[in-house]
Amino acid sequence: METTVKKSALVVSAHSADFVWRAGGAIALHASRGYDVHVVCLSFGERGESAKLWRKGNMTEALVKQHRQKEAEAAAEILGASIEFFDLGDYPLRADKETLFRLADVFRKIQPHFVLTHSIQDPYNYDHPLAANLTQEARIIAQAEGYRPGEPIIGAPPVYCFEPHQPEQCNWKPDVLLDITSVWDKKYAAIQCMAGQEHLWEYYTRVAQQRGVQAKRNVGITSPNVISHGEGYQSLFPRVTEDLS
Amino acid sequence: METTVKKSALVVSAHSADFVWRAGGAIALHASRGYDVHVVCLSFGERGESAKLWRKGNMTEALVKQHRQKEAEAAAEILGASIEFFDLGDYPLRADKETLFRLADVFRKIQPHFVLTHSIQDPYNYDHPLAANLTQEARIIAQAEGYRPGEPIIGAPPVYCFEPHQPEQCNWKPDVLLDITSVWDKKYAAIQCMAGQEHLWEYYTRVAQQRGVQAKRNVGITSPNVISHGEGYQSLFPRVTEDLS
Amino acid sequence: METTVKKSALVVSAHSADFVWRAGGAIALHASRGYDVHVVCLSFGERGESAKLWRKGNMTEALVKQHRQKEAEAAAEILGASIEFFDLGDYPLRADKETLFRLADVFRKIQPHFVLTHSIQDPYNYDHPLAANLTQEARIIAQAEGYRPGEPIIGAPPVYCFEPHQPEQCNWKPDVLLDITSVWDKKYAAIQCMAGQEHLWEYYTRVAQQRGVQAKRNVGITSPNVISHGEGYQSLFPRVTEDLS
Amino acid sequence: METTVKKSALVVSAHSADFVWRAGGAIALHASRGYDVHVVCLSFGERGESAKLWRKGNMTEALVKQHRQKEAEAAAEILGASIEFFDLGDYPLRADKETLFRLADVFRKIQPHFVLTHSIQDPYNYDHPLAANLTQEARIIAQAEGYRPGEPIIGAPPVYCFEPHQPEQCNWKPDVLLDITSVWDKKYAAIQCMAGQEHLWEYYTRVAQQRGVQAKRNVGITSPNVISHGEGYQSLFPRVTEDLS
Amino acid sequence: METTVKKSALVVSAHSADFVWRAGGAIALHASRGYDVHVVCLSFGERGESAKLWRKGNMTEALVKQHRQKEAEAAAEILGASIEFFDLGDYPLRADKETLFRLADVFRKIQPHFVLTHSIQDPYNYDHPLAANLTQEARIIAQAEGYRPGEPIIGAPPVYCFEPHQPEQCNWKPDVLLDITSVWDKKYAAIQCMAGQEHLWEYYTRVAQQRGVQAKRNVGITSPNVISHGEGYQSLFPRVTEDLS
Amino acid sequence: METTVKKSALVVSAHSADFVWRAGGAIALHASRGYDVHVVCLSFGERGESAKLWRKGNMTEALVKQHRQKEAEAAAEILGASIEFFDLGDYPLRADKETLFRLADVFRKIQPHFVLTHSIQDPYNYDHPLAANLTQEARIIAQAEGYRPGEPIIGAPPVYCFEPHQPEQCNWKPDVLLDITSVWDKKYAAIQCMAGQEHLWEYYTRVAQQRGVQAKRNVGITSPNVISHGEGYQSLFPRVTEDLS
């Protein structure tokens, strides 16, 4: 029976904090509903997204990574997700065939019901589109009967791109607004783990409030739902459904 | 309690057969699930979509309209929908403010949970985008507190564009694939009411089969769902949800 | 000498509050720098954007308009702009040839150095694109030697689309981020004139903060500029310059 | 036999000089190959494209039109086309149902093998897109069996948009480069009929040279064709063929 | 004299069956008209497109490749094309500089009059865009005088993208509809060689029928051509012509 | 004080002549205004853009490069820029991580106030988009505190794409028209250094004239500016400003 299978989700994050700002609500929400949510951080963002740490002085790349890993683990725990780190390096992030297979194997193991990752374009950050494309291609490999033949393949889980820092500049257009009102406190607690990027806490709080207002607007003011916080997502595939309302 | 309110849907069709080819599955499916589905035909397609009738000879516009109305009523009955005709004329279809208000009033009366209409672009058929824009604007009017103040306004029902005859040429890209397998027999029966356009019966059967294969592909081959027929839709607004799987 | 000619700007607003939310910073900023800024409100937004007033009860369209006019006049005064009202009606806004010429005549009189108006697309609000297109066409008429021959024609002032309520859904992409830090207090004071739309005050405050962060990001963290609030604009024409930095 | 039917083409020009600058090569080329080419000028461009005439002083709209008509007739004669004038007025050009039917009737009479008109977008000139849309819709009406039933309908002639003044700003992208080398002298002679717009003679000579270089580039430098002048066109419909080379 | 040179075409297929589903009609049609058509299969699709073979059990990659090669050779023979296999591996397909030069050398040898390959985007299959880009870049290398100086370079053959599995999702828009009615029997015979993908036989039969109906629609119902089957293509470069009909 | 810091600009050119045709005006103009302008040529264009040299016979790649380097140095001197050559090879141009860091180091050293490079798309030339992406990514690396920690990072200089050979085919749309009238003589002198590509001299002269006319058109005919030559640019980031006129 389908109901006995635990549902799962996979989140692929270029740097170790992206999953918090961009998908923390989705993670906490689905975790709270019984999903196993697994996060893969491709890098720690040690070069490009740790400015505050570097400015402290007396830093090495190893130390920065350590800091960032602890923050990410703390955030994942608050959100209710498991987490692993590929440690591929950032600025630039690069992925060879072995990395592709490594991620495909995660897909095979997790058998996700949906997938979250970065937008396909981002002129401010080349690591993000690379992560998105790696995720997409790994999903395709994991669907192939001829890759590690005999292993169970995966289905066709929907893939959603989470919100980039400057959405319009990335030609990112949300077609899904996720109501994260019920888990906002968890997301904000996870955000506060990111000690090195305090300047972003209020920025992403406001993002959540704006998407909340928009979600409210798109269900209509006659709806009884109270929505204060949201997250936007862009689907990469059509969804299959039997109900249009 | 929400469950006691009957759900409803509104379909706006430029010509009297469009709703059958393009949305017959959605109509039958939701009718079968208890929705009140209402169809508005803006014209009978008497000039532009009744070639076979005109070629019979001894025809007048009034006779053509009569024929087309009967066909559409028969199809609506099979699909389980109510239907009305605005008789605005076609080729070209034109709509003034009064028509806009008339359609806004239908919105107010139906209070639809979702709306189906044409694509926003169609270089082969200027009546179709006009219908789509009229529908969109009527929905906006019906949401306004200041239009017929005191009347109950409508919420923000999602609007879906159904598939045009040559989808790529209309820059129409489906983001929803509706599984209409369970009602295909009804849709095909409704299609057969369109005696004047027999050349399209098999065309739209194949459209349904192709969208069925694509729906199957997008749920994944590991899914137990058997999908043989589908309909594609393009959303005009983001959907609001609490579940991404 | 060019410096003796006073610079001017024209703002065309579909409803009587749009210019405040969307362009209040630009208006106050340029007014403070000596520009004559003139606002044309095509309608009062009496039907579509006055929900709170209608809910009070005992309202008529005339009363709502009166309210809205007073609010808009108060806001314009704070921002330092002159204002006039075309009273064309809203939901739907419609413009005939006479309106087009009336607006062209405003262009001729104002001789604006730049123009602000709505985005070209907005699926949530059909009055907005209509206002944008009316503005564009009036500008073209005002440039024509054969329109009221003998009158001084206008040049080719740049046209900027201000930010719609849900920017991505309107395919609006800002290519200009205006630093409105120095006039934010005026903009917020003007916003507070809009008593009927209190729910939008904080929404548009956050919009300004987000655009401020993005402006800061796009000048670079090494820049000495302190930017706390911004407004985004999309240009409709290429700008002509002699300096790329 | 197909070869006994004379081929024909229809060109719809918003103002009385557009067909010369933008399609003079295509007209002369096809006329020289035996096509009947017919030009419809929707207006004389009396307001918006006759600046030089107005500046002479002592002008009336009637006089300007007279001038412009003579120029256009002279150009058409050189190019080998017949011409007619709808005299709808310009800046703004507007078309009602009667105009639509009038143009549909021209389609029916000419039975064109291809159609040339303006681009679908032009932020510098709202008359141009209006002409393009009018042409497209008239073509659709002329295809309908129910429009003037009994009259021979038209087929599905390809429609090409000719080059606007600032192509990139109009999102116009040529997919056809017409080699007009053999008729360039005729096009330039026709261009010289436009005494009121002398500043454009060299501009459009350079356009032809640039499109010539591009055509040469797109046939390849190994091709024996000598191409010095070209015209770019954007198709609105797919072409049907049996040969891809 | 140009007429004595035999015409040729090059088809680049990511996996060993793609050229059959997607371009079998074009191949058979041009072969029947005297073209030398050459197919390059970059991989056998052994991992990603051989599910049925893998499910048989007792399979190795070598065996799967053997099977696929035989099927592809049989199909090519029916269509009248020569074929070669680069055996680069699939899921993922990757190409280094040597592969690029190898394909450029094929271009030099074949001197194609046109080129067929995959679409530039395909979110379901990353091998397809890679093949398209490899083909495009190899064509550019083969045009360069400085690549293997002294060898005859190639001209500028048009490149057409054939239809992907889910066209709208790939942003693929056909601007050419090829009438393959006369060779449909050959294409279907070739399709039947693909024993491992029987589920696609009817899918691609319906694709051909739909494109046939659309081709008929785009030549017009007044045309005497009988078109029952078609293939859609998207051009990547403008075509150069002297006739627009 | 800001005024004491000398302004600088960085130009990244895929082949050794691109910076002349495409950005020679911008370089000369800013050099004449006191900027330090530095050009990086990633390759000499020895394979793909030196056809005339190769046709002379008795050529080797080393000789071609030598020729091209001299031409480029002469052109740079005329324009007033410093120049360096990465000698990465062309057709195909490829860049590994070391090249990326090498270019990032140039960014760090130059600290440019603006950056010029190729368009993001070019179906005729795959080296051009590669150069554009390399430039964008190097800029991002150079902004990262964790790349060579302790070194001064760069700000967020605007990046402009210069005009490709066939602009519409590259989906390149200029949003900036640079008035290069005052330095046209220098640009044309630099162009004449490119002895191997004489066929392009007049082509790019006409490009400059057309962009000049368009610049004139976009400032308006009432402006006193005399503009005879221009260069078009497409911005990749929004600009931040305090003045919209």
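Chains: A, B, C, D, E and F, in written order; residue numbering restarts at 1 for each.
We adopt the following convention: a contact is a pair of C-beta atoms (placed from the backbone, for glycine too) under 8 Å apart; a residue touches a chain by one contact, two chains touch by 3 or more.
Molecules present, by chain and UniProt name: A, B, C, D, E, F = 4-oxalmesaconate hydratase.
From a predicted model like this one, the values you see are computed outputs, not experimental measurements.
Novice: Taking touch as defined above, what minimum step count separates chain B (4-oxalmesaconate hydratase) and chain F (4-oxalmesaconate hydratase)?
Specialist: Between chain B (4-oxalmesaconate hydratase) and chain F (4-oxalmesaconate hydratase), the shortest chain-hopping route counts 2.
Novice: Smallest number of touch links from chain C (4-oxalmesaconate hydratase) to reach chain F (4-oxalmesaconate hydratase)?
Specialist: Counted as steps through touching chains, the separation is 1.
Novice: So if I look at the partners of chain B (4-oxalmesaconate hydratase) and the partners of chain D (4-oxalmesaconate hydratase), which chains show up in both lists?
Specialist: Of all the chains present, those in contact with both chain B (4-oxalmesaconate hydratase) and chain D (4-oxalmesaconate hydratase) are C, E.
Novice: Measuring between Cα centroids, what's the chain most distant from chain C (4-oxalmesaconate hydratase)?
Specialist: E
Novice: The C-F interface: which of D-E, C-D or B-D repeats it, judged by over half of the contact pairs being the same residue numbers?
Specialist: That interface is repeated by D-E.
Novice: How many angstrom lie between the centres of chain C (4-oxalmesaconate hydratase) and chain E (4-oxalmesaconate hydratase), each centre taken as the mean Cα position?
Specialist: 52
Novice: Express in whole angstrom the distance between the two chain centres, defined as the mean CA positions of chain B (4-oxalmesaconate hydratase) and chain C (4-oxalmesaconate hydratase).
Specialist: 37
Novice: Residues of chain B (4-oxalmesaconate hydratase) touching 2+ other chains?
Specialist: Residues 51, 124, 143, 169, 174, 214, 217, 221, 232, 237-238.
Novice: Have a look at which chains touch which and call the overall pattern line, ring, star, complete or other.
Specialist: Chain contacts: none of line, ring, star or complete; other.
Novice: Please list each pair of chains that are touching.
Specialist: Result of the pairwise touch check is A-B, A-C, A-E, A-F, B-C, B-D, B-E, C-D, C-F, D-E, D-F, E-F.
Novice: Using the touch rule from the top, collect the residues of chain E (4-oxalmesaconate hydratase) that touch chain D (4-oxalmesaconate hydratase) in their complex.
Specialist: Residues in contact with chain D (4-oxalmesaconate hydratase): 2, 7, 9, 26, 29-30, 33, 35, 113-114, 116, 143, 152-158, 160, 174-179, 214-215, 217-224, 227, 230, 232-233, 235, 237-245.
Novice: Inside the complex, what are the residues of chain F (4-oxalmesaconate hydratase) that reach chain E (4-oxalmesaconate hydratase)?
Specialist: That would be residues 46-48, 50-51, 54-55, 59, 61, 64, 91-92, 94, 123-126, 169 of chain F (4-oxalmesaconate hydratase).
Novice: Touching residues of chain A (4-oxalmesaconate hydratase) toward chain E (4-oxalmesaconate hydratase) in the complex: what are they?
Specialist: 97, 100, 133, 136-137, 140-141, 143-147, 149, 236-238
Novice: Would you pull the chain D (4-oxalmesaconate hydratase) residues touching chain F (4-oxalmesaconate hydratase) in the complex into a rising list?
Specialist: 51, 124, 165-169, 171-174, 202-203, 206-207, 209-210, 213-214, 217, 221, 232
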